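Note that chain A is present in both complexes that follow, paired respectively with chain B and with chain C.
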Partner chain A sequence: MRSVGANARRKEGPEKVGGTAQYIDDYDIPGALFGVSVRSQVPAGRIKAVHFDPAFPWQECVVADARDIPGQNVVRLLGDDQPLLADGVIRHPFEPVLLVAHPDRATAWRALKHVRLEVEPEEPVFTMEDSLAKKRVIWGEDNVFKTITIKKGDCAAALAAAPVVVEGTYSVPHQEQAYIENQGMAAWFEGETLVVMGSLQCPYYVHKALQPIFALPPEKVRVLHCVTGGGFGGKEEYPNMLGGHAALLALKAKRPVKMIYDRLEDMLATTKRHPAVVRHRTGLTKDGRLLAQEIDIVMDGGAYMTLSPVVLSRGILHATGPYECPAVSVTARAVATNTPPNGAFRGFGAPQTLFAIEMHWEKIAAVLKKDSLELRRANAVKIGSVLATGQVLKESVSAAEVLEKTVKRVGWDKTKKAHARWNADAKKPTLRGLGLALVHHGAGFTGNGEDYLKSRAGVAVDRAGRVRVLAGSTEMGQGATSTLAQIVADALELPYDAVSVERPDTAKVPDSGPTVASRTTMVVGGLLRRAALDLKTALEAGGKLRGPAAFKAAAKRLCGTAPERRFLADYHRAAGSSFDDKNYVGDAYGCYGYAACAVELEVDKATYEVKLLRVVTAQDVGKAVNPGVVEGQIVGGSVQALGWALLENCVYKDGALQNPRLTDYVIPTALDVPDIDVIVVENPYSNGPFGAKGVGEMPMDVPGPAVAAALLAATGVLFTFLPILPERIQEALCSQEAA
Partner chain B sequence: MRGDAASMTLLRAKSAADALRLRARNPAALPLAGGTDLMVHWNAGLLNGRTVLDISAVKDWRRIKVGKDGAEVGALATHAALLRQPAVVAGWPLLTAACGLVGGPQIQARGTLGGNIANASPAGDTFPPLAVYEARVRVASSAGSRELAFSEVFTGVKKTSLKPDELIESIYLPRPAKPARQLFRKVGTRAAQAISKTMAAGLLWLDKKGAVGELRFALGSMAPTVRRLRKAEQAVRGRKLDRETIDLAVKLLASDVSPIDDIRSTRLYRLRAAENIFRGFLEGRLEGV
Partner chain C sequence: MIRLSVNGKRRSYAGHPFKRLLDVLREDFRLTGSKEGCGEGECGACSVLIDGEPVNSCLIPVGQLEGAKIETVESLGTPEKLGRLQKAFLEHGGAQCGICTPGMLVAAEAHRRCGGSTKRQALCRALAGNLCRCTGYKHIIESVAAALSGKR
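Coming up: the complex of A and B.
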């Protein structure tokens, strides 16, 4: 009977495998026009004029610009700084200025060649240094979207007194989400109600963003989710923009409008991972115990705020790594540049700062002439440890467990010895290395985020005893639908197949918050379990339910004359937990997941190519509700992180991506990675459903620094940046040779 | 997809004669063989308004005939078809190794040897092996056919010496004497579906005294067209592959190529990786496919 802990068959599996799943572009919407975007070609400037080629049949098209917006020209998120369509001012390359719709898709694309923007260029700011130096002020008063500081103890005094001080600077680049399905949305009006449907993660974000644009009350906006081919954060906030565009054209055309980006437009215009530069100054005892951590973080937010303040927040809260240090001082700033806005991406700021701290351990190990494994062992958090925010870790702390399991599986000492022998043999064509990293990942929204969200989710039972999950959480390939159904099935002691999941539709499901932040299983699953238990109590009013017939009879009795009964649960913060989001003091997350990863690789002496030989990772997820889904998340996230570490190279020139194709923006294929050896650790969290504490993002945090550490072991070079391309290895080894 | 099929004209050839006739009448038409590169351009909308001559149904140009002295490979033979012919794998292993590294299995199943040549990319994976095997390319027009040495085919990036009314009919591979050493190496951006940063193909024959009888070594992605290392090949002829000779040959490599910095790699990386591979081959450390 129990389905939690079993590999329940994916609810959406048959339609995906059978090819009947309907993605947004599979919907044939009668009478729909196809919409395209006219975008800026320069990074900064003022629009002087728009020239329409008189030879093109513009009378067949619908053209919309900022003047057609009935409400406010904003894409509402954390701030109202980003316009839906540029109104006079250009702040980044590929900023949308005009929208064009035509019944024929090819003609719509062709229209783009017949409209020209006349823009007076302004001096752009491209780098974080130039932005901080206010080379030109392009956002607010000082180009800074957000500054956050964390203080614990007297860091300056501790650094001054420390016997050993080690400094290092680490940087990480943009990354493209590279979901398999490009962004796409459709919109139409049903009477006065705006309906928007598409490929998205967060129906209620789109719902909230559309209201001010069209000056509509919440009940006049409806957002529907379609089968979504991957998101990785890329469809967290961008659908607000694209949904607004499709809806604006639909309003003007008085017809449905579909907008589907191709890969080129998607890669050029939509969000990427925030690049970051992280500086560490660390005080230690001679045997490697932490005394002080001074950390400075700068992230590049791009031209508009989007989600940068919360990406920065997660970044700073993970900056110390899963280690306890008596004195900590961290400053973090997100700054503006004239580049397309960066946004949500799996890990959400944490992979950036965790790369830095983990590489810094490698540097410290070299200075102290110690094995970095020993340093991690000595400093890792345990029950009772106090984090930089003052949060005391009370339960489910597995840093040591994941570390030891990984080290044991990979055979740390034995493998290192074998590598030493291999590398000493000049005849071997490669250099081999083994590297390690350890991370934590806060589960759910940061700080008071969950309190602001006030999520609600529930279950419905009808007279026939059929149970439906009601949540705004979306399936995008990660297995949320099945996982949530498993939790509800077990709470109700029903077979898994007896529980279905309602399609996310703001007219039908409550706002259970965005499908982000590794929160769906832990937070939404927790609400669903509570709602299901309430339903069970109500059903059992007439006595214990024995068997399906009794369940059906009880459901009929419960519904009475109504077609169905709904049981909803609202989010409440765990008792005894608090967070001060002005001073960053308190319980930043309800709980943390922990992960360690060991990477064994070799570098070709002739071509400097890196071949991954082994990837071993142990990850504590609290409870693997669906072990197959959990392993899928860990393997997929690890591969995405290995790509970020070794292959994926966003090349920018004048603020614009130069390789906006999957030919030249190289993501790993199955041939580029070995089988990922996954060890699932289940250290339950008392506030998670069945102990679960989230898994989606953590796998993205840990392989990057493990790869760089392995390359250090193989080559003797400490790479302080990603991606570590063969070209960078060649440069480093050739200059090492020359020196 | 920005490709607009309605704006394009598609001509379909049923036979070789039909193809050449259509070609003569439509010299601006873009030949379609496997379409693996053409469809990328189509997707980007770059072929809108163009005429395409589909020759993929011409059976005569798909044949592979292996004889005692060499092999005649029809221009429309796919990479996968070459890989399936044990006689080709045995006789020209460097070529089939390259075929097995073109794109991935799907690309290999559609992409053709003739299409690869006609496309004339500086990064064409089959070119270094074809260069060291000294292949000959038979091109035809409605007026007749002629044969080009492989070294005469390319005139620049995406440019060939084919006349507007000509199509590639077949590629002739002379059977080489058994080499003492051979090598094919592709250095791509990843393990599959990768465009080459540099590629090397080498054949080495030694005389009875152990001195170099003949060296043929070609590099791809290192110049606008595939390059044989003529100066190095010349310099080592008749000499023993001692330290001094090898140093000299490696030093000469740069004078026959002109690698560039681009989106995929750097000039220095390409040069250094190619030199390392060449040195490894001459020293006998790197060989095989």
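Coming up: the complex of A and C.
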């Protein structure tokens, strides 16, 4: 009967494979208008006038601008700096200025060709260097959204005394989430209550963001989740904006309004992964032991703050990698540019800084003439290690285990030798290489994030003994629904099918926090397990329950005259852990997952095309509540990372993405990736439900540097950036030859 | 007036002949199983069979389809009575967010009808026109292979 550890079927699976699952655009909302957004088209400036082409039937349309906002013109998040609609000032090329709704979708889209904005341009800032140099101040006093520093020991002295010092600079680009379902929301008013539903990760974020815009109290705003066609962070915060837009049009039109982006608008206007530049100066002993790590991180936040401070926070906390070093000094800054705001994307700052540290090991290995594997082995964290924040790792540390399992499976030495023979043969059409990377990933919200969230989740039982999971956590493909139901089923000793999951709806479920940060299984699953155990205790007041009939009878007794009883659990920080978020000292995460990845590839000597031959990855998730779902997360995340490493190339000009289509922004197809070989490691975490510590993001961290390391092995070139496109390889190899 | 067969039923359409088949299916016939991911023939979420051939319905003006036989994901089975491929996707984790799934299923069905090799390379080629951002394809390929080899 145990369902934790079994491949329970997705609850929502039959509708998804049957083609009847209702995504937002599949809803036929009677009387709904279709809304579109008029955007700035220039990166910086002031709006002088708006011209409406008189030839277009504007009388059939509803048009809204900033003046129609009944409350505050703000998209509430960490800062209140982003307006819902531009109020005179333009800060990036796709700033929404006006909204137009029409009963006919095609006519609504056509309207966009008949509005013209007159903008007085201002000097834009596009690069992180220009922003830091204050070429023009476009945000706050110095263009810096947030600065964070971490200090451990005396880094300057340790660097000065170190026998070997290695420096390197690494950069990573934007990345588009490229969920296959574009963003979409619908809104209407029921009496005085605003109802918004759509494709989203965090119903309570939208709930919170809509209140100030419409000057409504919490109970007058209701947010519903629809089946969501992928998020990966891209639907964490943007739905706040899109929900606000649909709602504003609905208010003005006095009718429901649906807004569904097309691929072009989605790629141009919504958030991407933060690009980053990371500089390392590392002091080591001659045999490769870490003595000092000095790291400087700059991330491009785009025009508004959105989630940049927390992305930066996760980035800095992963910057040293899963290694122990006695002296550390890290500085991280997120800066403003006149580009669309960057935001959450699976990994949330960690893939950026982990790429840098892992490539830096390759550089150090070259300087010391050692195998980078040996360096990782010598420096990897173990129980008792002290991280840069002073956090002592007390349990569930698997850096060595995931590393050794990966190395063994891929046959490290044997494969390397085979490649050496292959590459020595001039007649072979390709160059082959094997590379490796090792990462850790903090489970759950960073630092005190979980304390601020005060998450709550629970279970309900009705008189018929039916159990429902109550949580605001959303299913977006990652398997949250089945995983949470499995945890509850086991806590109650019920079959999996006896537990259902309530649709996330702020009128019906408590706020279990956002569906982000690989926190759903570990944190929300933990709350649900506690709530279920409370329910079980209450049910067993009259004695142990044997069998379904006894459960039913006990439920009826427990409910009394009420239709159902609810048991809710609130988040409490684990005893004995603390984090000082001013000085970045203490337990940054309750626990960490660990992952290693080995990539074997070949480069065509004539076309410079890269073919992935093998990808092996071992990942410690604490406990695989649903092994199929866990493997699905690991494979899916790995392939996104392989895309980031080799294919996905965001080209920007004048602050705007130049390839905003799936035709020219290439994501992996089935032909681009090998069968990913996954080794799931289960090293339980005492505070996670059944030992689970989360898996969603970690797979994104590790293949990028493993690919670059494999290319180094194949070509002798250390690529310090992504994506590594054939033309980059050609350039590097040709200039190597010339030298 | 355009007459066509959709999932074995006779249908007619009297609107604009340039309307995309995808929109006719979704809006006029209320068959919302076929999805729009890109609107320009790149993602395959809108895949349907036209006279047995897999086609991106976002690229086809309905005016070209007089007398054509259209099959969508809905023809493969219902949630209550799933077809073999659908069952395999459910059991082997072939659907995560599910938005690519209808198109994947249609592409897999087309592959089944033309021999249905279960070799990895053949399956990858058959599904190469359909993008999935969630699964990394592994479980989709395993699902199709399982359905075609009759393995449960």
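Methods note: the second predicted complex is superposed on the first by the 739 of 739 C-alpha atoms of A that agree within 3 Å, B and C clash if a C-alpha of one lies under 4 Å from a C-alpha of the other, contacts with A are read in each partner's own complex, and residues count from 1 in each chain.
Heads up, the rule we're going with is that a residue touches a chain if its C-beta (ideal position, glycine included) is under 8 Å from a C-beta of that chain, and two chains touch if they have at least 3 such contacts.
These figures come from a predicted structure and were not determined experimentally.
*Asks:* Is A:69 contacted by the first partner chain B, the second partner chain C, both or neither?
*Replies:* Touch partners of A:69: none, neither chain B nor chain C.
*Asks:* Quick check for you: in the superposed arrangement, does A:700 touch first (chain B), second (chain C), both or neither?
*Replies:* Neither partner.
*Asks:* Using the superposition described at the top, determine whether chain B or chain C touches more residues of chain A.
*Replies:* Counting contacted residues of chain A, the larger count belongs to C.
*Asks:* Name the contact category of A:663: first (chain B only), second (chain C only), both, or neither.
*Replies:* Both partners, chain B and chain C.
*Asks:* I'd like to know which partner A:110 touches here: chain B for first, chain C for second, both or neither.
*Replies:* After superposing on A, A:110 lies in contact with chain B but is clear of chain C.
*Asks:* Applying the touch criterion given at the start, work out whether A:477 contacts chain B, chain C, both or neither, answering first, second, both or neither.
*Replies:* After superposing on A, A:477 lies in contact with chain C but is clear of chain B.
*Asks:* Just to be sure I read the superposition right, which of the two partners does A:262 touch: chain B = first, chain C = second, or both, or neither?
*Replies:* It touches chain B and chain C both.
*Asks:* Is A:325 contacted by the first partner chain B, the second partner chain C, both or neither?
*Replies:* neither
*Asks:* Between chain B and chain C, whom does A:125 touch in the aligned arrangement: first, second, both, or neither?
*Replies:* After superposing on A, A:125 lies clear of both chain B and chain C.
*Asks:* A:731 in the overlay: touching chain B, chain C, both, or neither? Say first, second, both or neither.
*Replies:* It touches chain B, and chain C stays clear.
*Asks:* Could you pull out which residues of chain A sit against chain B in one structure and against chain C in the other?
*Replies:* In chain A, residues 262, 663, 668-669, 671 are touched by chain B and also by chain C.
*Asks:* Within the complex, which stretch of chain A touches chain B?
*Replies:* Touch residues, chain A against chain B: 105-107, 109-110, 262, 264, 427, 429, 605-609, 647, 651, 658-659, 663-664, 666, 668-669, 671-672, 726-727, 730-731, 734.
*Asks:* Going by the contact rule at the top, pick out the chain A residues touching chain C in the complex.
*Replies:* Residues 7, 9-10, 12-23, 25-26, 28, 177-182, 227-232, 262-263, 476-479, 628-629, 631-632, 635-640, 661-663, 667-671, 673, 675-676.
*Asks:* What does chain C use to touch chain A in their complex?
*Replies:* Per the touch definition, chain C meets chain A at residues 26, 30-43, 45, 72-74, 76-80, 82, 86-87, 89-102, 105, 120, 123-125, 127-141.
*Asks:* Can you list the chain B residues touching chain A in their complex?
*Replies:* 1-7, 40, 43-45, 48, 104, 185, 187, 189-195, 197, 263-266, 268-269, 272-273, 276-277, 280, 285-286
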